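In structure tokens below, several structures.
Below are two complexes that have chain A in common, paired first with chain B and then with chain C.
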Partner chain A sequence: MHAEWTKLRTTRGPAWLLAATVAAVVAVGAASVASVDVSQCPAPTECHEDTTRLSLLGARLGQATVVVLAVLAITNEHATGMIRTTLAAVPRRHRVLWAKAVVVTVAVLAAGVLGVLGALATGRAVLPGNGFTAANGYPPPSLTDGPTLRAAVGTVLYLVLVALLALGVGTVVRDTAGAVTTTLGLLYVVPLLVELVADPQWHDRLERLAPMTAGLSVQATRDLDRLPIGPWAGLGVLAAYSATALLLGAVLLETRDP
Partner chain B sequence: MPAVTPYRSAVPRGRDGFDRLLLAEWTKLRTVPRWMLALVAAVVLTVFAGVLVAAGAGTETAGGGGGERPAPDLGVQYQDGGRFLHRPLAEDGSLVARVADQENSHAWAKAGLMIRTSTRQGAPYAAVVVTPEHGVRFQSHLSIVGSADDGPRWLRLDRSGASVTASVSADGTDWRRLGTVRLRGLPPRAEAGLFVGSPEAVRAQRQFGGENVTSVPTVGKASFDGVRMDPDPREPWRGHGPSALTGPGARDHDQDRSRAGEAGPDGVFTVTGAGDIGRYQYGHDTSEMVLSGVLVGMMAIVALAVLFVTSEYRQGVIRTTFTASPRRGRVLAAKAVVIGAVTFVAGLVAAFGTFLLADAVSGAGLVLPALSEGPVLRAVVGTAAVLAVVAVFSLGVAALLRRAAAAITVVLLVVLVPQVVASGMPLSAARWLERLTPAAGLAIQQTVVRYDTAIGPWAGFGVLCGYAAVTLVAAGWRLRRGDA
Partner chain C sequence: MEATIEVRDLRKRYGATLAVDGLSFVVPPGRVTGFVGPNGSGKSTTMRALLGLDVPDSGSALIGGRPYRSLRHPLNHVGALLDAAAVHPARTARDHLLWLTHSHGLPRRRVDEVIELVGLPSAARRPAGGFSLGMRQRLGIAAALLGDPPVVVFDEPVNGLDPEGIRWIRGFLRSLAAEGRAVLVSSHLMSELEDTADHLLVIGRGRLLADIGVRELLDTASGGWITVRTSRRTEAMTLLAGEGARVAAVDRDTLTVAGLPAERVAATLAAHDVPVRELAAHRASLEEAYMELTRKSTEFTSLTGREA
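On to the complex of A and B.
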């Protein structure tokens, strides 16, 4: 465990990737809140704008760097052959994976908290200027508010679960390019295809199953009945994906030759 | 002093041709089983996703998302609406009128003169019309034959056999020709007269964190004076088409009935009409929907193109490559040509396969146009071209960054994320993302012009090509400057 922490700390890549994650979450959030204005709605009070969700839109971009970080945590060792040394030092192989999972979790947790707090602070600063005032029914996002707290915590957990999913896929695929492509494809391309399925029943079903759309439903703070899946249930879907990938990775790590 | 012949080696010069380099790169690509697998996977995934979309398309695709299609049998791109007040016009004759006044019901509301073979829906027509904000234009079917700036309000249509010439004038005496069209099947007794139309207005409203786009019918109203038909047919004016929509203030719209209210006693005609003639902008682009499965296949292509460069760096083979061929720019060019050609061929297989299979599985909900139509063929071949250019772009990014994970992430983000992030943003912001990022290249898949089209097919493809060219040049520069 300590060894994994040192590996993460002493290579330059992860620090950059974590910084990029924070920057992406905050920057895209800022761009989104700045581009939305009540004048685009029929009436300011009828906007039904989920200001918290809008502020946290950056998670959609930030997850990409998280994926790269988590995939590299395992595939880099395969690429350099370092994995043989690691596994020789820790003969109970699955413990290596758990140690990596814990370290990645802690790192992404830290970056996620920073990013989410930054994005919410940006939203608080920008949104009232665009007409999303308390008078119009849009109190500024605040962590003391239950749904907003759920969205904030949920977004951090979302990023962590994406990281664990990527770590699992990386362990299974063992190849950086393949793992990054597979994970990003699962996250980004599946929702794009779901959008094209016109049949409403299938559309809803697939939206509940796609890891990104399901997982990000945790960001909703209002009009929950319009969601394809409940906030925590959606995050649960993503967690199921992550758990499956990690377990499969652990089994393969035990049984395959490195 | 005897003349000294300078030494010339008798050994023939080794071939340093670009073709050898191409062959070498092709061999590298061909002999890695994983890469060939990725290529096959790209084709299979594209076809699979396209067929899935085709099979999942419900019946609402045919019904239209934005507005109601006026006449389904005219094709997805054409509508024939508006109010037409007409009288028969002989083989050689003319029609003159002044648009005295026009309500600004829509920037593209139309008021002017029209001649058509019959009043049947979709019959060939030619019309010269005044619009509130876009000057005068002369149109026939989907094309704009001529146009003039705002100012002239006098319009004239001259018929000579099957050819129709439109002219405009500011004062009714000094005429300027706008253009001539030939109308196929124009009978000796063609219908000519006054036309008023007003297209549906698009209203984008933000609600529940997304943007709802609805189309609202508008009603155009215009008055004409100085109406003169030569030779005078001595027949009453007849109305055709809805004069207004149902609702408050709606008037009956019996067809082919003389309307006293429209032709006033003082020679001033006041005509109201809803609907538009010409290009219909709310049609579903079924070809684009089906071909968008290429986004899935593109993932594999991006990974392949990136690995084509980064794996050489990873294993140090790049040093051998550069020793064998010291002109590094040419190595990069050879790689670009090989990956571009290979993915283009794979893309052709994928795009044609998708289109043909989707046509076979699609039920009543999805109607695909014929592959022989120009825009459809452009979309299908363009899909392959987009794959090829994205591959070259990925290659350039990979040569710049030299790291597989970084390169794949960067390419996928710039190609896909505009579509992912844009869903929460206002439409205007999303449109700009679709114009400025490499994702613009996907515009070549459009086969119909829609109200929400961000960028034209060729312009969008040009944007993608620009990105690819810039990254390739930057990569070539970095290759020449730095260590391998």
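On to the complex of A and C.
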């Protein structure tokens, strides 16, 4: 574990990717909250805008750098041949994967907390100026508000679970480009394909099963009854994906010759 | 822990290629054992199996009586240099050694000790990606020695070293063996091992061709001959041919003798009072002895045009 932490710390890539994640979450959040104004709505009180969710929209972009970071944690070792040094040093190979999972979790957790706090602070600063005031029924996003707290914590966990999914896929695929494409495809492309499904019942079913749409339902703070899946249940779907990918990765890491 | 390597009936197939075919040998402590064979003869595969990287199809490879993957802190049992390129190019040599140290709970000072030992202090804080092959070899050797292991395994450590580096590693390998460690070092060139190894394992197409001391190998080689200078050349030739030697005249007073040890040549000539002005034995080089051993296997390889 200490060894994996040293590995992460001693190259510059991971730190840049974590900084980029924070920046993406905050910047996209800022752009989103700046682009809405109650004047665009029929009435200031009828915008039906989920201001918390809007502030946290940046997670959709931030997850991409998280995926790259987590995939590289394992595929970089295959690309440089270092995996042989690693597995010779730690012949109980599953321990390598668990150590990487813990280190990646801690790193993404830290970046996620910074990003989410930054995005909510930006939302609080910008939204009232655009008419999203408490008087109009839009109290500024606050962590003392139950649903907002759940959305904030959920978004951090969402990023961590995406990282673990990417680490699992990276362990299975072993190739950086292949693993990043597979994971991002699973996250971004599946929801696009779901939109093409005309049948409403199947559409909903698939939205419940797609890792990104299901997982991000944790960000919703209004109109929960209109979500295809409940906030925590949705995060659970993503967690199931991550667990499956990690377990498959662990089995293959133990049995394949590096 | 006993400082030995035991390989028993090891077999490993990659697709259609049988890389290692029933290999058995023991590497005892206290001497340098050379592992020689042409490229693709199965040396690296054997070493990878020894380090638990490749799972053999059958047979076993044990370090001190235990399979590598059952070792909790393997660097304390066996140090290995398999692939000098197996480092992250952006990480410094020092940090590379540092994470290895952390994986084994070894004290931090070991990093500086092994860096000193292999002569890398000036480069320790530079990214390993900018290292020459020779420097990477030194880094790999430093990593192998972190846990002060009783067994060391080096795959082609001489590759990429400059003459000074080659001299260094020869002395270094010998000193490791002198400290009582089991040292297994591979090479595809016998000449690289000539002054280093005490014992040789010769491998060809995944099979063991010889498990023999360096001296015995030289003695069994058929390539040796003796030059004799004498004023009574014709008489000497007749006498030695009578003893079963193959003789040939070189010039008026010089002949070469093959197939008879130098002592017998000298004794025969002395017994008949043939004056000898010079008697010089030319031993077959280790390279020649090795070529003779491997010829069969390489011939077969080139016939089928297949790299094992």
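One rule holds for everything that comes next: the second predicted complex is superposed on the first by the 258 of 258 C-alpha atoms of A that agree within 3 Å, B and C clash if a C-alpha of one lies under 4 Å from a C-alpha of the other, contacts with A are read in each partner's own complex, and residues count from 1 in each chain.
Basically, a contact is a pair of C-beta atoms (placed from the backbone, for glycine too) under 8 Å apart; a residue touches a chain by one contact, two chains touch by 3 or more.
For clarity, every value in this text was computed on a predicted model and none was experimentally measured.
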{"item": "Clash or fit, chain B versus chain C on superposed chain A", "value": "fit"}
{"item": "Chain B versus chain C as contact partner of A:Val90, first or second or both or neither", "value": "second"}
{"item": "Partner chain(s) touched by A:Leu114 [first = chain B, second = chain C, both, neither]", "value": "neither"}
{"item": "Partner chain(s) touched by A:Val218 [first = chain B, second = chain C, both, neither]", "value": "neither"}
{"item": "Touched partner set for A:Gly178, first chain B, second chain C, both or neither", "value": "first"}
{"item": "Partner chain(s) touched by A:Thr6 [first = chain B, second = chain C, both, neither]", "value": "second"}
{"item": "Chain A-centred angle between chain C and chain B, computed on Cα centres after superposition, in steps of 10 °", "value": "110"}
{"item": "Touched chain A residues, chain B compared with chain C", "value": "B"}
{"item": "Contacts of A:Met82 with chain B and chain C, given as first, second, both or neither", "value": "second"}
{"item": "Which of chain B and chain C A:Asp257 touches, first, second, both or neither", "value": "second"}
{"item": "Chain B and chain C, minimum CA distance [Å, superposed model]", "value": "11"}
{"item": "Shared contact residues on chain A - chain B and chain C", "value": "none"}
{"item": "Chain C-facing residues of chain A, complex", "value": "2-7, 10-13, 76-77, 80-85, 87-92, 255, 257-258"}
{"item": "Interface residues, chain B side, partner chain A - complex", "value": "49, 52-53, 56-58, 60-61, 204-209, 211, 289, 292-293, 295-296, 299-300, 302-303, 306-307, 310, 314, 365, 404-406, 408-409, 412-413, 416-417, 419-421, 423-426, 429"}
{"item": "Chain C - residues contacting chain A, complex", "value": "48, 51-55, 68-72, 74-75, 80, 82-83, 85-92, 95, 98-100, 102-104, 143"}
{"item": "Complex contact set, residues of chain A against chain B", "value": "28, 31-32, 35-37, 40-42, 46-50, 53-54, 57, 60-61, 64-65, 67-68, 71-72, 75, 79, 176-178, 180-181, 184-185, 188-189, 191-193, 195-200, 202, 223, 226"}
